[in-house]
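What follows is a set of structures for review.
Both complexes shown next keep subunit A, but they swap its partner, so subunit B is in the first and subunit C is in the second.
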Partner chain A sequence: MTEKKIYSRLVRRSLHRSRSVAVSVALAITALAAAYVGTESVLAALTSPPLLLSPEAALAAVDKPGQWELAGAAALAVIALVLLALAIAPGRQGRHEVANERMAVVVDDTALAGAIGASTAAAARLPVTRVAGLVSRTRADIRVTPTSGAPLDADTLTASASALIDSLDLHPRLRPRVAIAANGVIGS
Partner chain B sequence: MTSTNRLLNRVILAVLAIAALAGAVYIANRAYPVVAIPTVTELDPTTLWIVAAGALLVVVLALAVIITRGRGHSRVAVSHQADDGVASIDARVVADLITDDLALVPDVTAVTTRAFRVGGGRALELRVSVRRSSDLRVVVDAVDRAVAELDDVLEERIPILLHVVSGVRANLARRQRVR
Partner chain C sequence: MTPGRVSVTARALQRTVTAIAAGHLGVPVSNVSVRLVDDGGLLGIAVTGPLRLPPLRSPNRGSGAVSRVQVARADIRSDVASIAGSAVGSVTVTITRAIVIAEKRVR
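Now for the complex of A and B:
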């Protein structure tokens, strides 16, 4: 594999969640159920008394479903939907890729939100505690609480956030949106 | 980061989902018949043995898949093969080298490494914990320089994945005043 291919593989696998835990849990439950069915079948084949329910009794119960059997069917349907969602959903991890020549670089969105918040706070000359950042896949929402009597310009702050985002060369791209609170505060 | 086949994971989940759905639909069809499916009332011993064998097969396959998840980790980051032996460097040595180089970057609180096999070779994951509201450009550039020095020391470019995290410990760490 070329270095470029290895890096794209590393990044792809970091940006998406592995289903190994879900698969292991689902297969463990399946294995337990199969072991039980197998045991009952062997006991029935040897005409020994069943552990709980003989295969023929189980088939008869399913043949004329009562409340319990229908509840079981509903539970099975819910489990099926959850498994299907796990199989199909992209399973994104809340991370962004940073372009770099030597390494594959992946940054957690929480770290990214902190960095954008800090640079916005510096641009607004406010303490970091007055700026809150939230980073999703394509958007960075920044909420700024100004000091009373010292109005802030949203465009300037957006430009400073954009400059930081551009300097990191993120993928997927992030669009910053700065919201300045209508009511400022004094102190803190 | 392991060498687990992720497509296989998805396929297994989809197959189990379809099996569960089939069971649910079968019971529902018995309660509110839409399609006529012949009923099975008596099971002869041959069928029972076949069912038991199938169940055993399912158990064995399931255990085999569970055991093989998460393979591909390795403690060795680099290994040099020569005529008279093998020299290998542990991933923790690399972590120590990088940690040393990053000691002067105030935003970095911890560095851990994990090595794993990828595409026939080895790759190294550098997990760098940073303080909240740290300058990521500075952190990434500092790691870049540290890795350049590492390349000099190892005399080899190993594929590196840098993962910048802001963990709980990093958030609780005291913020250093520089301004």
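Now for the complex of A and C:
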């Protein structure tokens, strides 16, 4: 594997949650269940008393399920749905890749939100406490509370946030959106 | 754009507006109270205080009390805008009493 491929693989692994825990747990439970069924079958073949339930009784329960059997089936269905969701969902970690020639760089979304918020605060000439940033996969939402009597221009601030985001060359791309609160705060 | 920023605290702003309002009402600063509010992103000003007026039967009475307050209101607005550099929203002036100017006899 070339270095580039290793890096892109590393970055992908950092951007997405690993499924290994879910896989290990599911496999361990399946193995235990298979071992139990095997044990019961062997005991039935040797005509020994069953541990809990003989295979004949189990088959009868499947043919004519009582309410306990139905409840167990429902629980298994829920577990199946959870496992399906874990398998299909992308499992994103809330991070972005910063394009870099020599390194694999991944930044947490909260760190990005802080950086974009700080640069917007500097552009608006406001204290950092008056700017809140929230970064999702494709959007950076920035909420600014202006000082009463000092109106702010959302387009200018969006442009400055855009410049910072472009300079970072993030992947997936971020689109900034600056929202200026309707009501300001007295003093700055 | 040079880095850094200018910050004016709410208290400094309030004292400044109080001084401006007292000047335009013609009364001491200690008699005037000013409350600053946010007016949809603009600086809203609520002034409460007395108004300085000439005696009722004075020959040089000038304009009426209400028009004096209107003039004071407009002057407060333009002065706050130029001195504090804020975009001013509504300016509310509540006059609680009159301070009558003592006229001296011309000797």
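The definition used in the following text is that the second predicted complex is superposed on the first by the 186 of 188 C-alpha atoms of A that agree within 3 Å, B and C clash if a C-alpha of one lies under 4 Å from a C-alpha of the other, contacts with A are read in each partner's own complex, and residues count from 1 in each chain.
Here is the rule we use: a contact is a pair of C-beta atoms (placed from the backbone, for glycine too) under 8 Å apart; a residue touches a chain by one contact, two chains touch by 3 or more.
On a predicted model such as this, the values are computed, not experimentally measured, just so you know.
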Problem - Superposition on subunit A - do subunit B and subunit C clash or fit - result: fit
Exercise for the section: Based on the superposed arrangement, let me know which partner A:G187 touches: subunit B (first), subunit C (second), both, or neither? Expected result: second
Practice task
Rounded to a multiple of 10, tell me what angle the C-alpha centres of subunit B and subunit C make at the one for subunit A, in degrees.
Solution key: 130
Practice task
Applying the touch criterion given at the start, work out whether A:A150 contacts subunit B, subunit C, both or neither, answering first, second, both or neither.
Solution key: second
Practice task
Specify the partner with more touching residues on subunit A, choosing between subunit B and subunit C.
Solution key: B
Exercise for the section: Tell me which partner A:A57 touches in the superposition: subunit B (first), subunit C (second), both or neither. Expected result: neither
Exercise for the section: Classify the contacts of A:D108 with the two partner chains as first (subunit B alone), second (subunit C alone), both, or neither. Expected result: first
Exercise for the section: Answer with first, second, both or neither: which of subunit B and subunit C does A:R125 touch in the superposed model? Expected result: second
Practice task
Look at A:V23 in the shared chain and tell me whether it touches subunit B only, subunit C only, both, or neither; answer first, second, both or neither.
Solution key: first
Problem - Minimum C-alpha separation between subunit B and subunit C after superposing on chain A, in Å - result: 7
Exercise for the section: Show which residues of subunit A both subunit B and subunit C reach, each in its own complex. Expected result: none
Exercise for the section: Would you pull the subunit C residues touching subunit A in the complex into a rising list? Expected result: 3, 5-14, 36-44, 84-89
Exercise for the section: Write out the stretch or stretches of subunit A touching subunit C in their complex. Expected result: 122, 125-127, 146, 148-151, 180-188
Practice task
Over in the complex, which subunit B residues touch subunit A? Could you list them?
Solution key: 1-2, 4, 6, 9-14, 16-18, 20-21, 23-24, 26-28, 30-31, 39-43, 45, 48-49, 51-52, 54-56, 58-59, 62-63, 65-66, 69-70, 118-121, 123, 126, 130-137, 140, 143-144, 147-148, 157, 159-166
Fill in the blank from the handout: Given the complex, residues on subunit A that touch subunit B span 1, 3, 5-7, 9-11, 13-14, 16, 18-20, 22-24, 26-28, 30-31, 34-35, 37-39, 41-42, 44-45, 55-56, 59-60, 62-65, 69-70, 72-74, 76-77, 79-84, 86-88, 98, 100, 102-108, 110-112, 114-115, 117-119, 121, 128, 164, 167-168
